[in-house]
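Each of the next two complexes has subunit A plus one more chain, namely subunit B in the first and subunit C in the second.
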Partner chain A sequence: MSNRSRLPVYGVYLDKADRKKPLSHIDFKFNPIDFIAHWQRCGATANYLAEFQAYNFDNRKKVTNIMSTVLNELIENAVKFSADAHQEASISIYNYGETLTLQCVNTTQLKQANKFEAFIKTLMETEVEELFLQQIMSAAEDDHTASGLGLITLKKDFNAKIGAKIVPDTERRLYTIYIKVVLDVNTLESL
Partner chain B sequence: MKIETEDYSIETNDQQVIIKGALRLQSPTAYDKPFESIREAITNKQDGLHVDISDLNFLNSSGVTSLARLVLDARKADVGFTLLCSEDIPWQSKTVSSLGKLNPKLTINFK
Partner chain C sequence: MTTKTLKKNTTELINDKKNITLRVAQKRSDIIRCQYLIAERYNKYYKIFFSKDTADLNAKIEPYPHKFLMALHEDELVGVIGLYTHNTYIETFGNVSTGEIKKISHQLTKEKPNTTFVEVTKLVITSKWIGTHLSQLLLGAAFSKTFLSSSVNDSQNIIVGTCAKISVFKHLFTPVGISTHLIKDFPKYKVHELYGTKKNPVQSRLIIPELDVPKQLYDLQIPGTHAIDAVKPGYNLKTNDGTIKISRTKKAPPSKTEATNV
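Let's turn to the complex of A and B:
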C-alpha cells in the first residue's frame, strides 16, 4: 500500500457525493478499550442508536432490529481491528429521508489495512451469496478470531450498499479505515 | 441443562435446544463453550436435533459462523437438524435460509 499513488477507494465512496443536507445526523465517538473491557456495550450502543433512528418508521420494531444488527457489526469491527485500543473510533448516522448512511471510522496497522483492502475488493467483485458460503466454509475450517461475515451479511440480507476508503497517516504509520453503509428506507420497511 | 446470562439463555433437553435473547459474543471461538451442549447433542442424538431460535432477537456474525459450524457438524454426523425460526426477526429469514445450502438435511421452519 505504501507505493500507491492514489488513495484506495471502493464502492459507494466512488459515487457522487450527496450534497443534500441530512434531516438528522448523529456522531458517536468511543475508545475501543472501553468496549473491549465491556463487550456488551457494542450491542447496547447499537440498540440505543437503532431505537432512536427507527422512531419514524411504520414498522419500528423490525427496523430497530435491522438497524441494531447493522450498527453492531460496524461497531464490533471497529473495536476488533483498531490498532490502538485508546485511539478514538466513531460511528455516524446521516438520515437523508430516502436513505440512511452509516459511516464507521477506525485506525489500524499496515497488515490489517492490506487484509481489509483485499477483503473489500472481493466483496465488490464476488456474488454475495457465494461469498457468504465461501466465508463460512473457510471460518469453519479454522478457529478464526473474527468471522469476516459482518459486511457480507449486511450486503446480502439488507441490500446495503457498501463503500470503503483507506487513508494513510504516514507520520504515525497507521491507516484510517472508513466504511460507509447506505440503507434504502423503502427496502428496510419491506424486508 | 440451562445456561442463562443477562443477555441470552440456552436450554438443552431431551427434545430440543431453545436459544433466546441476544447472542453477540466477541469471536467465533467465544461460542465454543455456550454451544458445547448442542455439539454433544449432535453426537448423541441420532434421531435428529431440534433447535428453536424463534426468540433469539440477535445473533452477530461470529454467532452465525458458529451456528453454521453446528449445521456442518450435523451433516458430518449424518444427523437431521431442524431450526425453528421467527418470521418477525429480520436476520433469521435472511441469514438462516442461506444455511440450508450447507446441509441438505437441514430443515428450516418458521412460526
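Let's turn to the complex of A and C:
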C-alpha cells in the first residue's frame, strides 16, 4: 500500500460527492478504550444513535432496529481494529431525506489496513450472496473474528451501498480507514 | 546484590531502584483507572474486551475482578492486579466445583474446610515497566493478608484460586516463592486463543496462603511503599518488611509481557 501514488478509494467514495446540506447530522467521537473497557457500550451507543435518527422515519421501531444493527457493526469494527485504544475514532450520520449516510473513521496499522483493503476489493467485485456463503464457510473453518460478515450482511440484507478509503499517515506509519455506508430511506421503510 | 539505602517517604529514584506505592483501590476514580488499564493491556495482547454485566469467553468478553490492588509510581498507575471475591473465574468458567476446592484444601491442611474462596487475577503492568520486578511485587502483594481479606472479615480461612498458563506459574509464581496446587486444566475457550497453547496450557490452581506464600509477602504492608530493582542478576525485591529474595529459574527473566491471565 505504501508504494502507491494514489489513495486506495472504493465504492461510494468514487461517486460524485453529495453537495447537498444534510437535513440532520450527528457526529459521535470516541476513544476505543471506552468500548474495550465496557463492551456493551457498543450496543448502547448504536441504540442511542439509531433512536436519534429514527425520529425522522414513519416506522421508528423498525428503523431503530436496522440502524442499530448497522451502527453496532461499524462501531465494533472501529474498536476492534484501531491501532491505538486512545486514538480518537468517530461515527457520523447524515440524513439527506432520501438517503442516510453513515461514516466511520478509525486509525489502524499496515497489516490490518492491507487485510481490510483486500476484503473491500472482494466486496466490490464479488456477487454479495456468493461472498456471504464463502465468508460463512471460512469463518466456520478459521473461527476468525475479522470475517467481514457484518459489512457483507449490510449490503445483502439492507441493500447498503458501501465505500472505503485508506489514507496513510506516513509519519506515524498508521492508516486512517474511512468506511461509508449509504442506506436508501424507502428501502429501510419497506423492509 | 547490595541493597542501596532508600530515603524514607520519597519517590526519588536511587540508582536503579524505584519506589512503588501499593494500595487497594477504594475511590471510584481509582477503580475506573484499574479497569481501564486492565482492559487496555488485555486488548493489546489478547484482543479481549470487558463487561461488568455479561461475560462470554467465546466472544472474548471477560468479567472484571471485584477488587483491585494498585501499583503507583509518583502517582502514576503503573500496574494492577485483581481479586474475584465471589463468582470466581475458575468456578464460573473453569468447571471447578466447591467440592474440588474443599477436597484439595483438606488434603493439604488436614483441617475441616470452612473457608472463603477468592481468586487472584488480571496482573498487568504498563509498557515502560517491563523488565523490572514490578510484576513479581504485584503478584506477591496480591497474596498478602491485607489484600486477600479486603472483602471478608476472617483472614485466617482464605483459600486462593488462580488461572494461568504453566509458564506463568514457572516463571512468575515459583521465583517469588509461591507454591501452587493443580486443580485441573482450564477448558478451551476462544478468549485464550492468544494466551495458552497445547504445550503451555491454561490451568486452574489452588494456593493456601498460610502454607504456600512466603511470610514476608503474606504479611506485606498495604498500603505501603516498596522498592524494586531494575533487571539485574540475583533478583532482589526490597520491601518495607525486609528483602525478599526471588530465586532465578534457568530461563526465567523478569516478566516480558504486560498482561497475564493470573
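Criterion: the second predicted complex is superposed on the first by the 189 of 191 C-alpha atoms of A that agree within 3 Å, B and C clash if a C-alpha of one lies under 4 Å from a C-alpha of the other, contacts with A are read in each partner's own complex, and residues count from 1 in each chain.
Going forward, a residue touches a chain if its C-beta (ideal position, glycine included) is under 8 Å from a C-beta of that chain, and two chains touch if they have at least 3 such contacts.
The model shown is predicted, which means the values in this text are computed figures rather than measured ones.
Touch criterion met: A:Leu191 reaches subunit B, while subunit C stays clear of it. When the two structures are aligned on the shared chain, A:Thr69 is found in touch with subunit B, with no touch to subunit C.
Taking subunit A as the reference chain, the count of touched residues is higher for B when subunit B and subunit C are set side by side. Of the two partner chains, subunit B is the only one touched by A:Leu149; subunit C is not. Of the two partner chains placed by the overlay, subunit B and subunit C both lie in contact with A:Trp39.
Once chain A of one complex is fitted onto chain A of the other, the partner contacts of A:Val167 are absent, as it touches neither subunit B nor subunit C.
In the superposition on chain A, contact of A:Glu129 is made with subunit B only, not with subunit C. Once chain A of one complex is fitted onto chain A of the other, the partner contacts of A:Val12 are absent, as it touches neither subunit B nor subunit C. Contacts of A:Leu110 after superposition: neither subunit B nor subunit C is touched.
According to the touch criterion, the shared surface of subunit A, contacted by subunit B in one complex and subunit C in the other, consists of residues 39-40, 80, 143, 145. Put simply, subunit A touches subunit C in their complex at residues 33, 35-40, 79-80, 85, 143, 145. Residue ranges on subunit A touching subunit B, taken from their complex, read 39-40, 42-43, 61-62, 65-66, 68-69, 72-73, 76, 80, 129, 132-133, 136-137, 139-140, 143-150, 152-153, 156-158, 191. Contact residues of subunit B toward subunit A in the complex are 6-7, 22, 24-29, 57-58, 60-62, 64-65, 68-69, 72, 88-91, 94-95, 98, 101-102. Interface residues of subunit C, counted against subunit A in their complex, comprise 35-36, 39-40, 43-44, 47, 49-54, 60-61, 190.
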